[in-house]
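The same chain A turns up in both complexes below, where it pairs with chain B and then with chain C.
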Partner chain A sequence: MSLSRNFFAGVDVGSLAAKAVILEDGKIYATGLVPSGVNSVESGLTALNLALGSAGLKKEDLKYIVGTGYGRVSAPYANKAVTEITCHAKGANYLHPTVRTIIDMGGQDCKAIRIDQDGAVVDFAMNDKCAAGTGRFLEVMAGVFNVKLDDLGAIALSATDTVPMSSTCTVFAESETISLVARGEKPENILNGIHHSIANRIAGLFSRVGIESDVFFSGGVAKNSGMKTAIEQALKVTIVKPEIDPQLIGALGAAVIARNFAKKEGLWV
Partner chain B sequence: MPIKTLEIIRKRLEERPAELQTARQNGQKVVGWVGYNVPEEIIHALGFIPVRIAVGGDDRLVEVGARYASSKTCVFIREIVGAFAENQDPYIQQTDLLAFDATCLQNYRAAEVIEYFFKKDVVVLAVPRNFDWDEAKKYFAHEANEFTRLLEERAGAPLDSARLAESVALYNDIRETLKSIYTFQASRDNVISWEEVYDLIQAGELLDKKEYLSLLQQTLAELKELQPNPVIEADDGDSRLFISGSLIPRGDRKLIGIIKSVGGRIVGDDLWSGILPHLDLDIKEISPAGVALAYLNRTPHAALPYLDLESDRRLKKLHELLSTSKAQGVIYHTLRYCDPFTFKAKETKNVLAKSGIPLLEIHTEYAGSDYEAMKTRVEAFVEMIRIKAEFVEEEALLANA
Partner chain C sequence: MGKQLFRYSEANKEKFLESDNITFNDGSVVTPEEIWHYLTVEGPEKYPGTFEINLYQGNRASRDETLPTSLKTHYLGLTFSERMERAKDKGKSIAFIQGGQAVDPYTAADTIALRPFLVGQWYHGREHGNDINKSVLRRKQSKEKAFHDMSFEACQTGGYEHIQSGNLRVDVVAPYTVLRCSDVSYGVEAHRHGPNKEVKLFNVDYPLRYQASKPWAVEYFAQNLRRLVKTLDEVSGRKTTEDDLLKAIKLHNEGRRLGTELAELWWSADIPPTNSDDRLSLVSLANLDMHGDVQASLSVLKEARNIIAERVKNGVKGHAVTDNPKRIFILGSCVGINDSRSEDAGAIVVGKDDQWSHCSSLVEEEGDPFYNLAKATLEYPYEQSIEKRAEWTIEQIKKSRADGVIFIHNWGCNTQAAVARPILDVIKRETGIPTYIQERDLHGLQHEQEQNRVNAFIEML
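Entry: the complex of A and B
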């Protein structure tokens, strides 16, 4: 690969998936996405190598790497570590400069982020020590109904009714769901209720930071169409359609920041 | 360069429990106090040795405390109750008598629980809710006299006015010296950190007051020599943070450690366990009521209700301290079930937003399970402030170009 070309990478190691995005100047050049393992260093490297391999690049071709996600604390392959909050802001701004509000729902947490026209964070809030509104919560619910995680949203959207779900604690919600099934409620109506109860909880997060259009939905849960619809209804907004897999936004933002750092440090050719 | 006196203070703190034991063997009594409005000068003037009971940061003791106090009591109070239950804390072991105030009702509840379950001798100072009413001040003056009478009974002697005047003068000197030292930590090229000053303030809760004043004066002299002209302004790349909210007692350094680990710099606080109680205490009359009223007239504790944001002295003080310390953001620390501060988080955030000061609320307890989540929040907040500062710097450069 020619050394005159400028490649930058962002690696986002989350609790459920590791993601990598390689950026060449102004465009996304390659991506990689793998399930996270126990070893966060290996997970990050696997995602990065997947992206490098698909682009026919070597790690040495990268001018700068930024690590993010919970795995950022142990990312020896990265030049710098930046929080996922800052990275999601930059990633969403890179794709859609008109975005001012981001909902990020990942494997183990959920964030409400407000940004300015440059993609800088203005305010943010995260869910407190609880799995409600996270990928892990939905994974447990998928297990209760014995359906694939990817199908949850579509099933919820096929509901004819919304069964109210009073609990958003993963453990209590699981037992409440089992009770509702035993009572004869239809699975799709229960799942619809679950999605709406999470969406209402997220609306609570936004009461702390405010909402401004346009609104973007990132993270693995953003692939869930039922959740997108429930959030749109709870927040009374229309969510911008993402141009790429929304699970890659954190890694994309990290790659954008990597490019900025490289420029600042004089590594940009 | 390290401040030599700080080392002496650390050593003296290690020696202090044994010293208290010896003092008690020689007939002196130790009063453990808990509260925002406990007039310590009165305790001191009666010949007692005052020590502040302020354990924190131990989740196991919180669980022990929950066997006696409700699990919905704030973690700080639960830990205090747990510490009395176990009786392993060297200062708790040395207390002959306890003095609580009822500023926060959870504090008052702790007094009841400790008296009931652990058979401790407890004196409680009642505190009016509507602290700015004239009737409330009359009531508080009466309660301060009653509080003094109860202490006099235990001291076996009446309060002497001359001794009270001496104690007030000593405490005033301590407060003034602390304020002078505090300026240094917020300065450019600071030789003492906020964390060191915070520890220094809390050392005063335990050490002998005359010795403490002398050590503070030594510290100040050292600081003046090392940094003759401290100027409070931002260093390059600083993320100047101010800590507000629930108290952070000795033993609890989780949030402070996280802030430091992500490159944030604390430059000020208005914590009940920090500089705030030492500010604006103006004793006009040497009497129990005069001392107590001066305490009540300081910046009020969050547990005392006050609904008008425009005239709220707490917010006014916060603004003043933010301006003095040139802080760029506030980390608002709320302890689980510490309702007075938790309830005020949103309104404080909204008020500060009008002045362009961002606020991050960190709601936590003493368990370590939320460490990483807290770290992510604080780190992102520091990044946010840094990016904002860089933008302002670039704008200034462009304007001057």
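Entry: the complex of A and C
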């Protein structure tokens, strides 16, 4: 590949998935997404290599790489590490410049982010110690009902009722769910309750940082249609339809930041 | 993977040997030569964990070895446990107090006053040869045991646990109760009903609900301070006079003045003259009791003040400080961020409200010393209503030219958790600078979750 072309990559190693996005100047050139393993260096590299392979590129073709997510602290392949809060902000702004509010729900945390017209973070709030209200929480619940994680949202949307659920603790919510099933509650109504309890928790985060239109939903959980609906109801907003897989937004933002750093450091051809 | 260890470089020895001695309460003196020996030979053997390079625990790969007072505070910290044991062997009284209070009456009564953190340091320092993981696990064990023995989860419970277990020769539990946090009140109650009846208990009852302007409240607290001194005298068998208290107030005022001067010098500098760790360890010396020896702290503080003045004059940049760092002010009790990792992310901690409240509050030297001390204590800015505390904090934030404020509260610290949001709301309203609230695990072990939020805040700034 010609060195006269400008390729930049962002690699987002989260707790459940590793994602990579390659940008060429102003457009998304390639992406990669793999489940995260225990070795975050390997997970990040696998996602990056997947993206490189699909584009017929080599790592040497990349002018700059930015690492993000929890794996960013051990990303020797990256030129720089940036937190995923900043990356989601840049990624959402890159795709939809009118977005001012981002809900990011990943494997182990959820974030309420306010941004300005340049995609700079103005304020943010995150869930505290607990994993309730995260992708991992939904994964545990999918396990309880023995359904696929991807089907969870659709099942919740078929509910005729909303069963109130605890959103305090993933482990306790699991035992609460089992007892609700034993009491004869319908699975779809329980799942609907779970989605609403998480949505209310997210709404609580926004009471700190505020909401301004347009609203964007990123992270792996954003693919869950039930969660999108529950959040729209809880926040009384309409969420912008993403142009790409919302799970890739962090990596996309990292790639945008990589491009900016490359420009700043004179690596742009 | 082998542990990486930090060692002080011989290249800096000669310069260090030119620095001042440390003089202790009993008149004994430790020379820089002896300090150097301890830091390079004895200390690493006894406390290898302190010399382990571990960024997650805040232990840096390199330190400011050209700042002699930084080495001296390290020395005072390392020798703390053995110095307490020696003090007890010589018959000195030791009292358990709480954070956030000054110790003038204890000094007057010739009693070493130890905050909860220091009680833990004394206990854990008695075991040698531990690496960082072993030390952290040991502290965690103490805390878990305390949660069960005392039936509540809060910070600073470890100190009560050690006293209840009879692990330490503490003579009296005598904190100012209800000052700043509810945990101490819970702890006192747990102690009252605990199995160890050997250790005397005295509550210095602090009037609640911001009573500083009311003469009855000042008189009531002054009366409590008189009873405190009487209780300390019963333990030690000595007779403390008003004159002793006045002398103690003058001594602590000297520390408070020097500490304030040092902090303001630091803030006045265009370039931070030390990193966050060194700034805090030096400013905290204004708490003359910080290392269990008032005179030792004072002697290091005097030297530190002069060194910082020199550094500011010459535009010296502190070790590991990045260019144009984002200046962060930390609020909350018994908390802090990982300084080295935050500095790597482009920030520096320029202040904390916690101990600073009483360190910067002078006590009137004319008139009844008990009344004056009571008045000053009731006026501690940190203990005032939300609006007043925020107003004082804003002054400190402006003086320190902070770019952002993080309020951290430990899980279980209900008082600070409750006031965090309204205080930050006032600060944001009045200054417009970004703020952030962080709740943290009591054991301080969720490094990535915590640091991720701090780094995002720094990036936002």
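In the analysis below, the second predicted complex is superposed on the first by the 266 of 269 C-alpha atoms of A that agree within 3 Å, B and C clash if a C-alpha of one lies under 4 Å from a C-alpha of the other, contacts with A are read in each partner's own complex, and residues count from 1 in each chain.
Just so it is clear, a contact is a pair of C-beta atoms (placed from the backbone, for glycine too) under 8 Å apart; a residue touches a chain by one contact, two chains touch by 3 or more.
Owing to the predicted nature of the structure, the values given are computational and were not obtained by experimental measurement.
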When chain B and chain C are modelled together on chain A, clash or fit: clash
Which of chain B and chain C A:D118 touches, first, second, both or neither: first
Contacts of A:I178 with chain B and chain C, given as first, second, both or neither: neither
Contacts of A:I85 with chain B and chain C, given as first, second, both or neither: both
First, second, both or neither for A:Y70, with chain B first and chain C second: both
Chain B versus chain C as contact partner of A:C169, first or second or both or neither: neither
Common ground on chain A, meaning residues reached by chain C in one complex and by chain B in the other: 70, 82-86, 109, 120-124, 126, 128-129, 208
Contact footprint of chain C on chain A as seen in their complex: 70, 73, 82-86, 109, 120-126, 128-129, 208
Chain C - residues contacting chain A, complex: 411, 421, 434, 436-437, 439, 441, 446, 448-449, 452-453, 455-457, 459-460
Sites on chain B touched by chain A in the complex: 346, 349, 358, 361, 363, 369-370, 372-373, 376-377, 379-380, 383-384, 387-388, 391
List of chain A residues in touch with chain B within their complex: 70, 82-86, 109, 118, 120-124, 126, 128-129, 208
